[in-house]
Amino acid sequence: MGYTAAVAGASGYAGGELLRLLLAHPEIEIGALTAGGNAGSRLGEHQPHLLPLADRVLEETTADTLAGHDVVFLALPHGQSAAIAERLGPDVLVVDCGADFRLRDADAWEAFYGTPHAGTWPYGLPELPGARDALAATRRIAVPGCHVTTATLALFPALAAGLVEPEAVVVAVTGTSGAGKAPKPHLVGSEVMGSVSPYGVGGTHRHNPEITQNLSAVAGGPVRLSFTPVLAPMPRGILATCSAPVLPGVTAEAVAAAYRDRYADEPFVHVLPEGTWPSTAMTLGANTTLVQVTVDPAAGRMVAVAALDNLTKGTAGGAVQSANIALGLPETTGLPTAGVAP
Amino acid sequence: MGYTAAVAGASGYAGGELLRLLLAHPEIEIGALTAGGNAGSRLGEHQPHLLPLADRVLEETTADTLAGHDVVFLALPHGQSAAIAERLGPDVLVVDCGADFRLRDADAWEAFYGTPHAGTWPYGLPELPGARDALAATRRIAVPGCHVTTATLALFPALAAGLVEPEAVVVAVTGTSGAGKAPKPHLVGSEVMGSVSPYGVGGTHRHNPEITQNLSAVAGGPVRLSFTPVLAPMPRGILATCSAPVLPGVTAEAVAAAYRDRYADEPFVHVLPEGTWPSTAMTLGANTTLVQVTVDPAAGRMVAVAALDNLTKGTAGGAVQSANIALGLPETTGLPTAGVAP
Amino acid sequence: MGYTAAVAGASGYAGGELLRLLLAHPEIEIGALTAGGNAGSRLGEHQPHLLPLADRVLEETTADTLAGHDVVFLALPHGQSAAIAERLGPDVLVVDCGADFRLRDADAWEAFYGTPHAGTWPYGLPELPGARDALAATRRIAVPGCHVTTATLALFPALAAGLVEPEAVVVAVTGTSGAGKAPKPHLVGSEVMGSVSPYGVGGTHRHNPEITQNLSAVAGGPVRLSFTPVLAPMPRGILATCSAPVLPGVTAEAVAAAYRDRYADEPFVHVLPEGTWPSTAMTLGANTTLVQVTVDPAAGRMVAVAALDNLTKGTAGGAVQSANIALGLPETTGLPTAGVAP
Amino acid sequence: MGYTAAVAGASGYAGGELLRLLLAHPEIEIGALTAGGNAGSRLGEHQPHLLPLADRVLEETTADTLAGHDVVFLALPHGQSAAIAERLGPDVLVVDCGADFRLRDADAWEAFYGTPHAGTWPYGLPELPGARDALAATRRIAVPGCHVTTATLALFPALAAGLVEPEAVVVAVTGTSGAGKAPKPHLVGSEVMGSVSPYGVGGTHRHNPEITQNLSAVAGGPVRLSFTPVLAPMPRGILATCSAPVLPGVTAEAVAAAYRDRYADEPFVHVLPEGTWPSTAMTLGANTTLVQVTVDPAAGRMVAVAALDNLTKGTAGGAVQSANIALGLPETTGLPTAGVAP
């Protein structure tokens, strides 16, 4: 193995998924595992599904415990990445699964996160125009939010091709793991099973400015976004139903062609055969995004749907994919494209 | 008890829910239970949860077996209601849970259902303007589709009050019982659990023209609709996330006030306290629709969310509610407003 | 309405189910609703499914707030009932859904609960021999644990009829609501969905001595019990698979006859038709226990399976059923026997 | 890659899991994919999660289409394996995931399957005494049933060590994928979600004689078995709660030591740390069996619980593990031990 990696936040969901993927990665060896309140305990207590690492003991998350690795994956609460990254030195590849360095607009950051803006790092969504070059040249990567990856991949080809107006509506149904592992009353199993409920309605969700940033960059001008996330009774998966008004004369065929062209060579975005629509279950544990698109002529809107696993392509898989690029490895190294189903 | 009722299609999901409600209805006695292929078998084989009726034997669905009751509830596949209703006589209250008599536009009917239009009956959504008068004066009721009730109740107050443009986007997450009881490959439990997937995308779902009909009537002109249903891993419930562009100067407060006014006296539509959003689980088994609304100023859109139980308020409860009106009973007779949770 | 009832612990799952049932009870009017930490807040914040009571404000749980009602239902953590009951006076019917007064054996109490034994009240399982007489004559009722009701109803007829050896194995699969509403890491939805896991293994669950107490009383001598509860991904329901060695010559027919005889007149226990086995979904929200039984000749064991809703017949429904008896009302008053399915 | 493998029954659940594992197997290349009624269609229509194989076309399942590979995995309905295996020639490794060659007792076969006994092949449960030698020397492997693997691994160490009486009770909670992909009324999602129900009660399930065969061989004499499978609302996973009377003086420590000794070197069976009990979610997609054991002194019984993924270790993973042995590869080649969670 060519590289070593530390994982900070190893006892959480994103950290656990990073470790599951790294266990199968042929070029990265797992080094230090760190945590906050769980430091000192065995990983097996928190990630019992990761049997090969069950007896590894979690260290405290500090720059010291994380130092000495080629790659450091940060899966931490917002606000903790900057201090650690500064002390790790410019040669260490730091891949931040948190939000701290995702937004370019400091005002948007402060409006949605309420703290001073830490800065901006190259953005870990390789499928965006220009992203791969930036990732190949950096030691700092900001991994997108899970809703952001889904909505962006569903919508940007149409905006990039100038097929729709810069005005999108996104309703994204998500599994519960995106809310993390901390027990909260509304996330208790009895409340979640059998129930579907929206949250962050009315433009208040923190992924809002990040989706807008991506789409506006591609569209070459401001994109208006209505984004509503909806919690569904499943542990993993996001399905984003997205729509935007089509420009005059744009047909379903034209839109489909734009998506097929855009994603023809993408290893982790797959436009489904005509008439087949994505489901979250198809992507469980895989680094795959499934996409389908059509035009509703009566509504005058394009409808694009994307599905992915929020913890894999939506977080940890996207992180590893971007890290592969930064390390100069083949982008697909160690990343599964077959899901676990049924 | 003042009235007797027959239920056609008693072995299906809608029929079962009708019977569950009628068992608790103080003014309606359950008469003949009929079925198609299941005629001759005990109800207990098909509806094991309806213990008080377990030993009732299903008769063949014909006008003869259904005759002799004050009310006949039809929960049949599309296309069977007209022939039966004709033979039942004008004094029998016929409440059709199927689609046959919902649409006024024969062209829309034929485009979406592919058969000749059977006609139009008074529409069983009492909350719509003028609906109660029509229901009080009829012996024929067309019960709305479950998605239609949800989207209509979520959106029509804003259109009626002239607060939004006549252009709506609806993404409705639904449980699996709406697809009925017939076993189909994509509805098998192994496929459904852990998965969310859209269907009828791009304006092709049969509830499309029905939602449009309701909203256009209220808006006083054509409403453009983009409607996408999404299947979620739960047996019951619909949560519709709806949005439309607000007219200039329309605030969240103005929209909320319009909904509170509209639904102030409605027994089965409840606008939640500010900041609280509906979930499907709150409505399980109840005839209640929960609604919340806001405005996203950055997007320039109103977002309204409604949740209900697709089998109760979305089908059988709505049918009983409308029947109560037609029979001259208090509209709320026998209908629960408390759900079963968790 | 003849009676008023207060509910202590109204913000929890058992309290919520009590209120759901009492809302439909024709002879009991809902009085004070009390809580511990949630006192002062609206019930609607905690039980959003109970719309008719949404604006009721929770009072502090004290003997004073509970006083002045004909019935007081206690749905409190263990250890709090005695002090309250003492101050309520002997004429108030106190129905305790907690464990405090269930066990007759003070040593067993102390071994399993670790606190001094508070005493023993008449036991709220009317189906047990002699129970109805005791309930009719008391103002104090100890409602059984949910696993206890299930296992007892599954097994006691065979022991009472002397058909099996006093040695039972019970594996009870249960929904998550039995664990209550407090958020704990292992009860978070992401952990619960898709997972089945045992708890309280090896005779350590607190329902162990209570099941043993019931079965031994019926058998007329000590019954050995191996009891394992198993958590399953559903909010409600218990399915207990129970077995015991049959005595020589005992056939499936003999066992079935004993169960049919025993439960012939029971309104809330239903022996299913031959060949049909219970499922939890059949009982959702109903006060029903479904039972089936057979003999496995190769194993030399009777196998009895019972299913019920842990919050209804397993807790709140059993409480109301017992209260009905104590109040001199028909035992079935206000209690549904039709479940909510699918 | 050293070997090629064909998969018969590639459109079903077992076939799909075989393919998912083989995609990650470094020494086996996937050759022909065959099916019955689905022959002629793309694999992507049936296994949309297996993106890398989506465009492979299913051939008809015949000896001809399967010929020419080093390994043939059969995932077929019972009764079809013998004819195919005969024509494949003695040098081809045939791994049968069906039941045809599992039982040694022709009478038991005929009693439970109703057809003539096809014979007996070396048994694909490497953890059983002597199994690895037999597997290393054969070109024909009968893969155990999923319940059988679970119950056998939970119980046999105690029987082999002479710690319990030869008399076991097994209640095995299982996900729905074990019932296969064919849509049946009781497997429809609406019926399955929220429900737990037993099947094959009273010793009638076909895995009964197979579990008995395994346990009796290890115990050196007949073992009496009471086995009840229970369907739970999850796609994958089996959790078997097993118990047997302990012999006098046998302690929890002694039993635990026997299990730790037995499984110390097993790569795919893991005895959990003391106090930790298995859950099915820990094993999703992994070839791992998790085990824990204790003694209930009051009941006089050992309680052993095992969890695994019915499609992985319970079927396809066990098949690949056994094939690895027969091919002379390291037994763990290509088999994951980390599950997908949450």
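By letter and in written order, the chains are A, B, C and D; residue numbering begins at 1 in each of them.
In this text, a contact is a pair of C-beta atoms (placed from the backbone, for glycine too) under 8 Å apart; a residue touches a chain by one contact, two chains touch by 3 or more.
Note that this is a predicted model, so its numbers are computed, not measured.
Set against the Cα centre of chain A, the chain with the most distant centre is C. By count of C-beta pairs in contact, A-B exceeds the other of the chain pairs A-B and B-C. Our note on geometry: chain B versus chain D, Cα centroid distance of 45 Å, whole angstroms.
Note: centroid distance chain B to chain C, computed from Cα atoms, is 35 Å. Counting partner chains per residue, chain B shows two or more touched chains at residues 13, 177, 190-191, 193-194, 233-236, 279, 281-282, 284, 342. Interface residues of chain A facing chain D in the complex, by the touch rule stated above, are 13, 16, 19-20, 23-24, 44, 47-53, 177, 193-194, 235-236, 270, 272-273, 276, 279, 281-286, 288, 336-342. Residues 169, 171, 173, 190-191, 193-199, 201-203, 208, 224-228, 230, 232-237, 239, 241, 243, 252, 277-282, 284, 292, 294-301, 303, 305, 307, 342 of chain D touch chain C in their complex. Chain contact summary for the complex, chain B toward chain D: residues 13, 175-177, 179, 181, 183-185, 187-194, 233-235.
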